[in-house]
Amino acid sequence: MMSETVWRTSITQIKPNEVRLRGYRIDELMGRTSFSDAIYLAILGELPSKNVSRMIEAILVSSIDHGATPPSALAARTAASTGAPLNAAVACGLLSINRHHGGAIEDCVAMLDSALNSEDRTTSALADVADELLASYQQQKKRIPGLGHRLHTEDPRTEKLFALAEELGLAGKAVGLLLALQAVLAAKGKPLPINVDGAIGAILFDLGVPSALANAFFFIARLPGLVAQVYEEQSREKPMRRIHPTAHEYDGTDPRSLDD
Amino acid sequence: MMSETVWRTSITQIKPNEVRLRGYRIDELMGRTSFSDAIYLAILGELPSKNVSRMIEAILVSSIDHGATPPSALAARTAASTGAPLNAAVACGLLSINRHHGGAIEDCVAMLDSALNSEDRTTSALADVADELLASYQQQKKRIPGLGHRLHTEDPRTEKLFALAEELGLAGKAVGLLLALQAVLAAKGKPLPINVDGAIGAILFDLGVPSALANAFFFIARLPGLVAQVYEEQSREKPMRRIHPTAHEYDGTDPRSLDD
Amino acid sequence: MMSETVWRTSITQIKPNEVRLRGYRIDELMGRTSFSDAIYLAILGELPSKNVSRMIEAILVSSIDHGATPPSALAARTAASTGAPLNAAVACGLLSINRHHGGAIEDCVAMLDSALNSEDRTTSALADVADELLASYQQQKKRIPGLGHRLHTEDPRTEKLFALAEELGLAGKAVGLLLALQAVLAAKGKPLPINVDGAIGAILFDLGVPSALANAFFFIARLPGLVAQVYEEQSREKPMRRIHPTAHEYDGTDPRSLDD
Amino acid sequence: MMSETVWRTSITQIKPNEVRLRGYRIDELMGRTSFSDAIYLAILGELPSKNVSRMIEAILVSSIDHGATPPSALAARTAASTGAPLNAAVACGLLSINRHHGGAIEDCVAMLDSALNSEDRTTSALADVADELLASYQQQKKRIPGLGHRLHTEDPRTEKLFALAEELGLAGKAVGLLLALQAVLAAKGKPLPINVDGAIGAILFDLGVPSALANAFFFIARLPGLVAQVYEEQSREKPMRRIHPTAHEYDGTDPRSLDD
């Protein structure tokens, strides 16, 4: 009953007075490597190139918070309002990041993967792939993941991410296909923004990140936002209040710029 | 029944095609601000100074993973082993970061706060405060938070953090008091390492981070490690295996250096 | 590294083809013991007496659901709305049962324990204890746990629980003290209902249930309600809807009675 | 922004001083209805018949605990060991009930549903359906859900559940098909026990419980067991111990019987 096989792990090596993440001494990484690069290293096993590093950093910043209306923020605040400790309230937020919230990243990666790697495809021109894909989704009456937003008609995060991907030479077939899909729809009189989930999904796909991990970049990014939401609920509101999902106003710092 | 008061939030302002975090346009932050700085901004409301930025970055890197034996990693792997989705397995890890794991940061901050801000104190010399504190903990038969480690006799993360805090001019009374506590104990023949929780707690205290948020820096840092642990469990192990808490071996990348 | 001490458990004994809960064969309990009795046995180690059995059964029924406005229901529905699996959505509800929701049971037990077992008390007449307790809470400007309800002026669950406790000969000092507290307040022109948390707390205290377990009876009772709330959300509503915390209407089965 | 549509719920109706679950006054149900019946009512909308009531009660008792080795117990204990509050530790257990642990119920219901309701089937004799099903699973190299157990060669819970279902006239096609599958395998020299997940799945299917809710009966049943496991961990063990997944011994009450 006690003779289990020893199991193996390739993430972190612990010895007395020595901790190595993916081979690197953690105290060497500290002070020389950004947290964003360390995230990439921990999850994917290698440090990113300089350009990939900048891209990942921007992706993580893009998703850090989106205000108090997303369900992850509301679930976390609701738990906090009952007296949940910080980590438990934040866990409720994390448990509320699924297919319909954040999960569009994974769905979008899956769609791009299937469209770009399918052997049945009869063409390789992205515009034609986009046409085929659109027809297939319309036939199944399914929404294309990554397109459309409840509020934004041009998502500022998408534009910045795609501009950076272009500038850093990282935009590949997936970014191209998503843009082609958008163009085909616009030509049909249905202009839709590429949302931030779609943009992140396409870029992570072009970077070769496994689809099962694509969503992790979203929820790692969002965790600090959830901490901020929960801490604000704890420090500013009374317990057990009715939390209206949309009727709130911003009363924080005035608009400012890094160049101010 | 429908007339609730509108509530207020000061974190993120959302308008059509505009997202502002603590006043800054998110698309301005993207590409110019590190994820670590954005975390600080989201949680504390202001961007860190250049030196604080380097310090926070190093703190977050220091805690990103500590192998497969911490209970947060084991709880997350156990859930993953039953078929839990990535976010739910990681949530189990997050729910396992409490007073006895990660929570030493908060306890350490509370101890330092009480010792350094107490009006009853009869002296202000740190060595004397350390003596008083030690006597009080011994009388209550309580362990001093932040000192001691199951494995490391000199925690490499602590040394690096304190060296950086010194170099960046950020080490204050709290770091001093923790070092004084260590010295008093060593003089009594009880040499104990300052563990990474203690080091982070002391530095965050000297930076003025509220104690209720000190732990958040730990679990934000550890989340990517939990993702890596869960993903490895999902991709490498069979479901429902017996997960021995210590009998595992590292078989990852060989030791390497940023200077290689 | 592999030589840990064997640890011990006194809950369930598993042998090939035999499962014993607290000494009883599980297949003997099945068909002869109610689920409620088995809950009591699992948690407290012994089967309840016939009267205690009826009391526990009524306590569990009393708290099975309280509609869609409690934060546990809203957090669970919010997670479900994003596509969370049933267990994860229900877990969000469970994580939202804390000091301010459900937790009044534990606070009430703690108050009753301290009032009834204190050696400082100068009197043993319940009315006098109630006076002392009230004065102490007013001095500390704290609300008395277990009294008051947002909606009910006479909580029908409390009345039934107290009537049953009386009928079954199980109402003891704690029930008496809570009623005395209510009477003192009413005499001062502040009539407040004893809420269901208070009633359950007092009865569990009189039954000798440890305060750390009192809350468990509430959340075990509420779990099926959370399942019903999540399943209704999944089967009746669109994903990602805005869930208003109070603006909902009941459209279920018309009022009916067991005697119909 | 504030004009959302009012939404609807059919579970519980709340008015001042009146709470109705699926149409019944909760204070009428208290004292007259068992917790098990109230669970059935809350989730499925109607009170069970007398025989169904006995069946559900036995199903819930059968799954209340299975010792300290299931991953849900280990995850809950691991969280508890770090200082998690009771509800958070139990939530970790709940999050560890998935496809490979407890989830066999849902998989089994899905298999039975597909086999019994398929229009492609060429025969309706259960033995022939079993043959077809077996061939199909072997071809796909998949394990048949509901058959086999790590420890038990004849699961005592299954035998009792099937005996009760027979006695109460509730065993239908699904129970028959599972027994037929077992017989076919035994005839081929592969005797496998029907495990408790399979037995519960078949019976719930024959009772008409929707497959999406089948698992809920398992985790509602297991919750009190998780409470017992966590409470034992909190009251009996030191924080942060290494929890060996199998090396524990039972030291509780000696074997006893309801007839003692």
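The chains carry the letters A, B, C and D, assigned in the order they are written, with residues numbered from 1 in each.
To be clear about the criterion, contacts are C-beta pairs under 8 Å (C-beta built on N, C-alpha and C of every residue); 3 or more make two chains touch, one makes a residue touch a chain.
The shown structure was predicted, so the numbers you read here are calculated from the model rather than taken from an experiment.
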| item | value |
| --- | --- |
| Touching subunit B and also subunit C, the following chains | A, D |
| C-D compared against B-D, more contacting pairs | C-D |
| For subunit A paired with subunit D, centre-to-centre distance based on mean C-alpha positions, whole Å | 35 |
| Computed distance of Cα centres, subunit D from subunit C, in Å | 23 |
| Between subunit B and subunit D, centroid-to-centroid distance (C-alpha), Å | 39 |
| Subunit B, residues touching no fewer than two other chains | 2, 4, 69, 85, 88, 91, 95, 97-98, 242-247 |
| Subunit C residues touching subunit D - in the complex, by the definition given at the top | 4, 6-14, 16-36, 38-39, 42-43, 45, 54, 57-58, 60-62, 64-69, 85-88, 90-91, 94-95, 97-98, 151-157, 159-161, 164, 212-213, 215-216, 219-221, 223-225, 227-229, 231-232, 234-237, 241-244, 247-258 |
| Subunit D partner contacts - residues on subunit B that touch it in the complex | 2, 69, 71-72, 74-75, 78-79, 81-84, 88-89, 91-92, 95-103, 239-240, 242-246 |
